[in-house]
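Shared chain: subunit A. Partners: subunit B in the first complex, subunit C in the second.
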Partner chain A sequence: MLKKWTKHKQERLKDKLFIAMLILPAGFLLCFAIFIPIVKSIYYSFFDYSLLRISEKSFTGLANYFDAIKDGDFFTSLKVTLIYVFVVVVIEFVIGIILALLLNRNFKGRKIIRSVVLIPWIVPTIVVALLWMWIFQADYGVLNYIFVKLGVLSENKKWVSEPDLALSAVMIAALWRQLPFMATMLLAGMQGIPTSMLEAAKIDGAGRVQLFFRIILPFMKKVINTVTLVAIIENFKMFPMFWIMTGGGPMDRTTTLAILSYRTSFVELNLGKGAAIGVMWLMLLVVISVLYNKLFSDKESEGMN
Partner chain B sequence: MLKKLISIVVIMIFVVSLIGCSEKEDQVEAIKTTDSKENSTDTTESETNTQEESDEKIVLRFATWGVSEESTSGIYKEIEDSYEALNPNVDIEYIGIPFGDIKQQTFVMAATGEAPDIIQTHTAWFSTYATSDVAIALDDLLGADYVNDLIPSLKSDYTYNGELKGVPWAPTPYVLYWNKELFEQAGLNPEQGPKTYKEMVEFGQAISELKTSNGDKIYGLGEVTDMVPINGMVALRNIYGFGGSLFDTDGKVNINTPEVVAMYDYYKQLAVEELTPTSAKLKDMRNLFSIGRLGMYMDESGARNVFRNLSGEGEAFDAKWGVSLVPYNAEDKSVSIGAAHGLVISKDCVNKDVAADFLKFVTGEDMMVAYHDAGDVLSGRQSLSVLDTMVDDDFSRVCVEQLTKYSHSLPANVEGMEQAFLEIAKSLQNITLTDATSEEVVAGLQETLEDIFKEQ
Partner chain C sequence: MEKSIDKRSEKIISIIALILIMGFLILPFYWMISTAFKDNSVIFRLPPEWFPLKPTLDNFRKLFSEPFFLVYYKNSIIVSMGATVVSMVAAMFAGYAFSRFKFKFKNQFLMLILSTQMFPVISLLIALYGMYSKYNLLNTRLGLVIATTTASLPFCIIMIKGFFDEIPISLEEAGKIDGASRFGILFRIIFPLSKPGLLAVGMYTFLLAWDDLLYALTLVTKDEIRTLPTGISIRYLGELAYDWSSVMTVSVVATVPILVLFLFLQKYMIAGLTAGAVKG
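Up next is the complex of A and B:
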């Protein structure tokens, strides 16, 4: 009996060692690529650390944090970031699910359409930003040309240089880039719904709307939770789209936390303050992610009860 | 069991390849640093000799954006080949970094003690290098004769606390370009540019009445207002032209003055009457000018080559535009500023004497004439700027006259100047894109700049 128990214990230890071996390389890489930079950023945020005077670095406690908050730029950028994330993720989800529903139907050329839809997602974000910057160009951009020719606009619009339009222009470019990912993930989730369940609901007399809200959406809850969270994180840290299309302008109307942190660190060369903005930005993202997950898991357990 | 075995093999391969990569890097490092004798065991005699030769070589690492750009890469090759031919013991190693990234990348490199020996910079952000501990003083390295030969306004632009911290390499003044065809269509004399700002605005208004054959808008007079530091610096041309200044004689911020308010009124007028595209970058102006949709604007001397390329007409396009000194404004003379691509030697440079010698070579007659022929750049040295080989046509004559006689030096380099330029660019957007009055914008800018320079 004791011999059997010892053998069992040894096997469990071996399994644990094996698991550790599997995790070790990934953990090693994660440590270098993520944890060390984060820890270093947190460390720098407590110092008066400027690239102008590399040798002089003094501990200032929370001064960088107070300084960033006092400036007012932080809250303006936070507001821009939150508006951008909320609008993009909501629209992305709504259009994504409509697209997924359409692609889930049986029609001729479905496979080709599914591949074509993915194209914007394959294109790197920087290329997308450059592409849309030229499409939106006020004087020789193709969008104004088409709209004016069609009579939709009487004169050219300054899409990326008008303070009230610039953020929307970036949102459109971001949606174009990210929509395929959302639609594909939702489509995958949709295809995981048991057909027996859908057929049973139909036999019970459920209409399309009831099918969608009572069967499809509840079954896709976990997929929706994951993809929307990924979209929130992706957009919360979005940098290249803004930097290339608007540079944070006009008049800071598209200055997000990412742009503010970069500008503080690499234009003003104030690494300490830039790191403090980055840390606050990271904390916000963690809080939002935790709250979002909690909200979904609570609803899930309510549903199960 | 089989799965476990495969997983272990995959992990082993992964770990071994990681170790392999690091060993390879170590080997590369070792080749760079160790004595050739240590490496000689596995090599043939000829290889050993080559190794010895390369070990004796002084490597000058030169961070520049020009080497990666098609229009200038040729001259960089010529510089490298010529200098290495004259100095066989020196190896010029270019580090190509894009224009927009070079400052932050070189500062990050400097933070790790690995700053390139020589760094290309621009007047718009030179103050950031000058006020840092990255750029070293060059007066002693270059010698009094060289330093005193620099054009005074450019020398001032590259000086900090009385020390020369950079060399103006490829200077260019801002001059006025006008489109002769559009002048003619607007009933103006195509051979004569405006003499004053008032006349320039009137000409712009006349040109703005025109439309292209497709019915597209034509702008009369362009001013850049995109939110980047360089555009804030460019606006100084107008601030000075209107009789204003950034600082008073005591070094205090002096933006809230009637002269500067008048300058912002000028921008407001251009935007309200749609004489200029708003939030436009310099490249937008160049595009519009080259396709015949912009009547006039002010740009660097290097713009001639850009027009030739963008118009698709090559040198034939030169006949379609004219160039003149910046028109008179509040003062009884033309007022412009000079911008210059500069060169600095970094604190991490080991062979500072060699780097200084290279700077002298690059800014010397042979290389400057070659660069002038390739890209219309002028010389920052008084003795070279007036050479027949540098002033070889009417276009160059206007540019040299603007640079040497009518260019205002930039404000003294102080910490925060680049942010100040960015704030000026932002204020230009404020005046051209919103209903804010010039008085409001100027008052706000005064406050912001005082805040930036409060610790000076």
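Up next is the complex of A and C:
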């Protein structure tokens, strides 16, 4: 009895050791390159810390935060970021769900089309940026040519360098790359709806529109929550598209938080202020995610009642 | 009668909608490829040449004769492959632990791992830069491998955990009775069964590492360590007049490795991503 018990204990100890060994590689990497840096970065945000004198740091309390807010840069770039994220994610979701509905129909060659749809998603972001810069090119770009020929535009536009158009230009490029992924995920969620449920609704006389709003959308709520939240977070972080296409210009009209914090930290070399911007950004994102998840779960309980 | 007209018009509308969306997704891709095969004298012509009348390989020849380009390409391949291998191993181990064992704070750990996705990369870089310079990882491919691995690792762990969850535990118990060790069970029983999941994880990491601009831009300043995205951005941007056929050529060449991988592995990739996103 006792022997059995000690053996059992020994096995459990071995289990623990095994678990530790399994988690060690990933744990080490994540600590080294993510958890320790984020803690350090939060710590730096309270110091006057510059890349020019990396060994000298002096505690300045909230000075970096006040500095970032006082500039006004923080709020302008926050506004640009929020507009960019909101517009891209909403359009992406609407077109994505339309595309998913279309691809969910029975037609010849739908398998091939479903793969072809994914192509933009595997094109590297920097290539997407370059490709759209070529399409948007002011004098020889194909978009201006077509739009002027069709009479949509009266003259060539400098898409990427005109203050009022630059952000839309980046949005279109981002949308092009991200739409395939969104549509594919939504399609996967749609395919998880039991056909019996759809059949039953049809027998009850539900029309197409009713079927979509009463059955399909509610059923896909969890998928929609996940993929749109992923899209929000990814777009909040978007850096390459802006850096390559506009660099934050013209006149800071496309300076997002990602561009602002990069510029502050690695161009102006003010690491403390850059860190402070990062901390405010992180807090904002945490609040947004919590509220977003709450929004979805509240609706669920309403539906249950 | 009315109903059949309704159905027909619905069909026509959906075909038109599908063509419009597909056109938006495919035509730019076509434009990139066709520009790469055009001579520079042709691409500035209006109306544009919709189809390259005299396709030329000159742009590709020029590109592959540039020594710096080959260096960037090689670096990108090394870094992406390195990140892929490391994250496959690390994610397999960690995912297995999270799928099969109960331990304290397991769910909290998972939440913490997922929450890393929210961290602004630049915040990490501010501290990582100093750490890298302390450990001599600046301007090294190893440094880039570590950085890009950790960027993809959180989602990889969640993704592969999903795959492990699907493998019946009875298979392992059979192995235990046969006296296989814990690592023996993992490598001989679980590993072969989770190949689709591992491929999905690998492809996802490769894609992310190949795409990385931000880490490479900050952690590498030496030309011989640069990867494609930073290399391209430094060589081809910033001049007033772009050599668009060259830019599109390097774009095509930068896309090809992923396109090839995707053609072979898309089945696993889509299964892995949908499992991760739909369940998680």
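Heads up, the rule we're going with is that the second predicted complex is superposed on the first by the 273 of 305 C-alpha atoms of A that agree within 3 Å, B and C clash if a C-alpha of one lies under 4 Å from a C-alpha of the other, contacts with A are read in each partner's own complex, and residues count from 1 in each chain.
In this section, a residue touches a chain if its C-beta (ideal position, glycine included) is under 8 Å from a C-beta of that chain, and two chains touch if they have at least 3 such contacts.
Worth saying up front: this structure is predicted, and the values here are computed from it rather than measured.
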Between subunit B and subunit C, whom does A:290 touch in the aligned arrangement: first, second, both, or neither? neither
Based on the superposed arrangement, let me know which partner A:138 touches: subunit B (first), subunit C (second), both, or neither? first
What is the contact status of A:53 with respect to subunit B (first) and subunit C (second): first, second, both, or neither? first
Contacts of A:162 with subunit B and subunit C, given as first, second, both or neither: first
Thinking of the overlay built on chain A, is A:251 touched by subunit B (first), by subunit C (second), by both, or by neither? first
For A:268 in the superposed arrangement: first (subunit B), second (subunit C), both or neither? first
Using the touch definition from the top, say if A:237 reaches subunit B (first), subunit C (second), both or neither. second
Is it subunit B or subunit C that touches the larger share of residues in subunit A? C
Is A:119 touching anything from subunit B or subunit C once the two structures are fitted on A? First, second, both or neither. second
Using the superposition described at the top, list the residues of subunit A that contact subunit B and also contact subunit C. 18, 21-22, 24-25, 51, 54, 137, 139-140, 266
Please output the residues of subunit C touching subunit A within their complex, sorted ascending. 10, 14, 17-18, 21-22, 24-26, 28-29, 31-32, 35, 43-44, 46-48, 86, 89-91, 93-94, 96-97, 101, 103, 113, 116-131, 133, 146-147, 149-150, 153-154, 157, 182-183, 207, 210-211, 213-214, 217-218, 228-229, 232-233, 236-237, 242, 244, 247-248, 251, 254-255, 258-259, 262, 266, 270, 273-274, 277-278, 280
Subunit A residues touching subunit B - in the complex, by the definition given at the top: 18, 21-22, 24-25, 51-55, 137-140, 155-156, 158, 160-163, 247-252, 266-269
Partner subunit A, residues of subunit B touching it in the complex: 4, 7-8, 11, 14-15, 18, 103-104, 107-108, 110-111, 128, 131-134, 216-217, 226-229, 277-280, 284, 287-288, 291, 293, 415, 418-419, 422, 426, 429-430, 433-434
Looking at the complex, which residues from subunit A come into contact with subunit C? 14-16, 18-19, 21-27, 29-30, 32-42, 44, 51, 54, 95, 98-99, 102-103, 105, 113, 115-120, 122-127, 130-135, 137, 139-140, 142, 145, 149, 176, 179-181, 184-185, 188-189, 192, 208, 222-223, 226-227, 230, 233, 237, 239-240, 243-244, 257-258, 261-262, 265-266, 271, 274-275, 278-279, 281-282, 285-286, 289
